[in-house]
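Presented sequentially are two complexes of chain A, the first with chain B as partner and the second with chain C.
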Partner chain A sequence: MYVAVKGGERAIENAHAWLAEERRGDTTIAELSVAQIREQLSLAVNRVMAEGSLYDPDLAALAIKQARGDLIEAIFLIRAYRTTLPRFGASEPVDTGAMACDRRISATFKDLPGGQILGPTFDYTHRLLDFKLAADGEVPEAPTQAAQTSEVPHVTGFLNREGLIEEALPDDTPPPDLTRAPLEMPADRALRLQALTRSDEGFTLGLAYSTQRGYARNHAFVGELRIGTVPVEMEIPELGFAIEIGEVTLTECETVNQFTGSKTEPPQFTRGYGLVFGQTERKAISMALVDRALRWEELGEENVGAPAQDAEFVLYHADNIQATGFLEHIKLPHYVDFQSELELVRKLRREAGADDAKEAAE
Partner chain B sequence: MTDYNFAYLDEQTKRMIRRAILKGLAIPGYQVPFASREMPMPYGWGTGGVQVSAAVLTPQDTFKVIDQGADDTTNAVSIRQFFERTAGVTTTTRTAEATVIQTRHRIPEEPLTEGQILVYQVPIPEPLRFLEPRESETRKMHALEEYGLMHVKLYEDIARHGHIATSYAYPVKVEGRYVMDPSPIPKFDNPKLGNMAAIQLFGAGREQRIYALPPYTEVVSLGFEDHPFEASKADHPCAMCGATDSYLDEVIVDDTGGRMFVCSDTDYCATRQAAGHRGSEAA
Partner chain C sequence: MKDTAQTENPRQIWMSLLARASEGRIAALLDAALDRPGFTWLRAPEIGSTMVRGRAGGTGAPFNLGEMTVTRCALTLESGEVGHAYIQGRRKADAEAAALIDALMQTEAADHIHARVLDPLAAEQAATRAARAGKAAATKVDFFTLVRGED
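Here is the complex of A and B:
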């Protein structure tokens, strides 16, 4: 006997209870604290802040805990929370030239004012599992040195002095806000960069990699990669001047790209730019490469039809919260649509005589 | 949940959405871009419909949510609970009692009346999307009323299969102007779109579009003189209530090919059964 399926409500409640139990795992194992996640899984926290578009390490750590380590799910929690927050205003533009750098490298010059600072990087670690970490996590103290006080000017500025790189002229046009206006094409560079800084790391990496392999190759050098903290200032209307309200860690990547010139532009180096919350250098470099690829039109380059040159393709598919939601929605019931397709296929088969042929064969 | 505003969204956001809705009602079938918000449920799971419902709900409303015609499918339950928690509105499963009905993939069987609002969840609002993937192009095509591509697609279906091979999300033309995607409702439901007494609002969250049909709007399903549009459903009566005029779900009842057909609209079926109608499998 058929009984109409009921009890969706109870099924959901029970599923949530089960999920909570699975999230906690074996209760004889100590529970992770949010502070532990924030301190010891900090690169995961950084990714969640960057793609969640909210600079709050504690909330990002909480989201990671709640999401059982599923970072896209954690990013989703942060985005949904972020939308509900009131907006007090916009900060002044941050000055990355005044960054207190933890890391600063240039692939284009061996030495330069401010020096190269390797910083806390995996780059030259040998990727051998460290079984000591499985036993105890004690680390020997790292050597220290007084922070340097000298200026750390941007590398592209040196090239600019010679006129070898395209000028990046200051522009005080207020940037559009992706979170307050629908994304519409054509998107200017400010809007593209805004979308890219919160875009999925994997998607951006794949696109950037595709440009290196020849799909709109743009010969990128890492002119400079810097990671560090910058102060955030905001003008308070009652005061009439800007005050420092905190600081954020940023990763900035400026690429220097070879360019032989076009009808409108002389031979010179051109720029790709990446700026991302936290220590997120894979993302920042990827962003810079994709940014440069998307600039083909303003530089008078040829559109070779590569995915990374196609702003509409890149920007409409780079957001992992949109992508995962739509991808996963195909788990929802589609009985009605499927039923209408069933009828159509049966009808077409009947008319094509397919079922008769099948019966005859049997 | 007292930390959130009535129906979750803040008033500024609701105002922005209401503006988009009003514009949509003023230009029936036109897709109005709106600054869709990140909702606490995934994109693709009804965030457009939820934002539209949040913008039109008042504390006095009675709210119904259906998915595939049913009130008890998991995502319908989830969305109903969301508004019970955030808006505290009365909810119902009865079509006639609801003032706002949010739906995914169906139009209720019972004719809607003036004063009711039907809110559709829309995955891909652009009817031309699978013919032309670029938004910049499709917007131009709508502006120039350039719908030849769609007619060619329908014609090619007929040439290849003898029929228009679109069984749901069947495109319609609104008031002789805009070609519109009615959301993935079965084409069986298409005739209900036109001349409806209720307001119909369509929300696509991920795609950031809202469009609308005011009451008593002319909506014509596309077709050709010699191959007119044809609504269709499984050729059976409902096994539970005996209805012959409702859209049916096919249910597999055993592993030897046994199947039965029941109303997809659970309220319609239950109401008929309560009135004494019986199908072949009813207890």
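Here is the complex of A and C:
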């Protein structure tokens, strides 16, 4: 039974006004601009773009400002905005082999064509608070060197030549799209990858870590991690050819995993794949580990009952907007539901004679 | 980067160049080059999205990675040429300028536009790319082998 309840409008309006004031904080402190957030909190912006599933740094920065830095709230704002946009089409699949790399490392090969490029990384920093940042300070310009002109090929390509690693053969099957049709099981790899690339970073990290600790153990090496820009090309129907419509920064991680072979596959290395908007390397590595764990069936591996092998469990709980929507709705009024629960508990207690016992005690 | 200059038609090259330009840059270069010609809209500037796709394993089956914002428009010059624009982001004024440039590149003004708009844009984008590539190159690791313990 639904009971319409009116009231609370004034309280809601006043709560929103106070929210705006709290968002602004102390007015004697300069206000943050959206451009400042975009430029100086860029990794937060990248996470909001990745999990919001919309590449637009200005919008992501605005969402972070509006959400007072609550990234899941910001992702929610981006997802809501995304649904208002007409879709012009789908791009050609991006060519990550032709990425202009800011960073490219391999944990499996020391000397590889194109080299190990560290890029702007936190790795090898001492994780000590830098109090110089608390004071206004000029940043010295980063050193430069002649840019290399050689190609930076994918690492897995070298292992392919010896047949030691499974191949990712080109295929042009149009991929399913979970923004257009509900996510249903069984989910093929294309659908799993779409769900994982926009999944919550914390949830994906936790699952990936569980595979490292032995739940669906599949000892992974980072064959390659690369971060950089790729052009996005789209076929324009009114022109009859494809043009570049912009470029995006992506993080790509390919893991190389031990594999002793199965009934259907020879002993060889297998692969997990992560590709995420922005500079988001923790997420991309996590995605690759979880992708690999979810591939147990197609590789003929044993299902050991690990959470990371359970596609339904992983994919139905990885989306932080679905999760937060359901979780947070329980704080909204449930007066009528709760009233019926109260009635039920009172009735059960009467039947169990609990009230009699209480009265007797008094 | 792949060299596609041989396979692309010139229009693909200039439209791609315009799509990557930073905010306000196309309009600034266009207005410095000439007075804007009269035109009518075929499709007024419209903001929408493109679903960006990747491939599993970098080379395998495609999957949907997420969307990006795109602004598009189309117009006809008074002299009849049709210009189109599809550019990244939510930038209606830039889309208008890009479509005008696309149309003007089909007129006698093409050489002038090429020299005053497209060449500077290409040079700026190349410089930006080279600056990043130079910083990346400076972080490339040079390994050297230490004397091994057992020797």
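One rule holds in what follows: the second predicted complex is superposed on the first by the 353 of 362 C-alpha atoms of A that agree within 3 Å, B and C clash if a C-alpha of one lies under 4 Å from a C-alpha of the other, contacts with A are read in each partner's own complex, and residues count from 1 in each chain.
Keep in mind that, in the parts below, a contact is a pair of C-beta atoms (placed from the backbone, for glycine too) under 8 Å apart; a residue touches a chain by one contact, two chains touch by 3 or more.
Please read these numbers as outputs of a predicted model, since none were measured by experiment.
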Contacts of A:Arg82 with chain B and chain C, given as first, second, both or neither: both
First, second, both or neither for A:Leu327, with chain B first and chain C second: first
Partner chain(s) touched by A:Phe122 [first = chain B, second = chain C, both, neither]: neither
Superposition-derived comparison: chain B or chain C, residues of chain A touched: C
Which of chain B and chain C A:Asp337 touches, first, second, both or neither: first
Touched partner set for A:Ala142, first chain B, second chain C, both or neither: second
Chain B versus chain C as contact partner of A:Phe131, first or second or both or neither: neither
Chain C-contacting residues of chain A that also contact chain B: 82, 86, 179
Complex interface listing, chain C residues touching chain A: 1-2, 9, 11-12, 15-16, 19-20, 46-70, 72, 74, 84, 86-90, 129-141, 143
Chain C contact footprint on chain A (complex, rising order): 49-50, 53-56, 58-59, 82, 85-98, 100-103, 110-111, 115-120, 142-148, 154, 156, 168-179, 189-191, 193-194, 197-198, 231-232, 234, 236, 238-239, 241-248, 250, 252, 254, 271, 273, 275, 277
Residue numbers on chain B that touch chain A, as the complex places them: 4, 10, 33-40, 42-45, 47, 67-69, 72-78, 81, 104-106, 123, 134-136, 161-163, 165, 167-169, 184-188, 206, 208-209, 232-234, 239-240, 247-251, 253, 260, 262, 264, 266, 269, 281, 283
Chain B partner contacts - residues on chain A that touch it in the complex: 1-2, 4-9, 11-12, 76, 79-80, 82-84, 86, 179-186, 312, 316, 321-322, 324-329, 332-337, 339-344, 347-348, 351
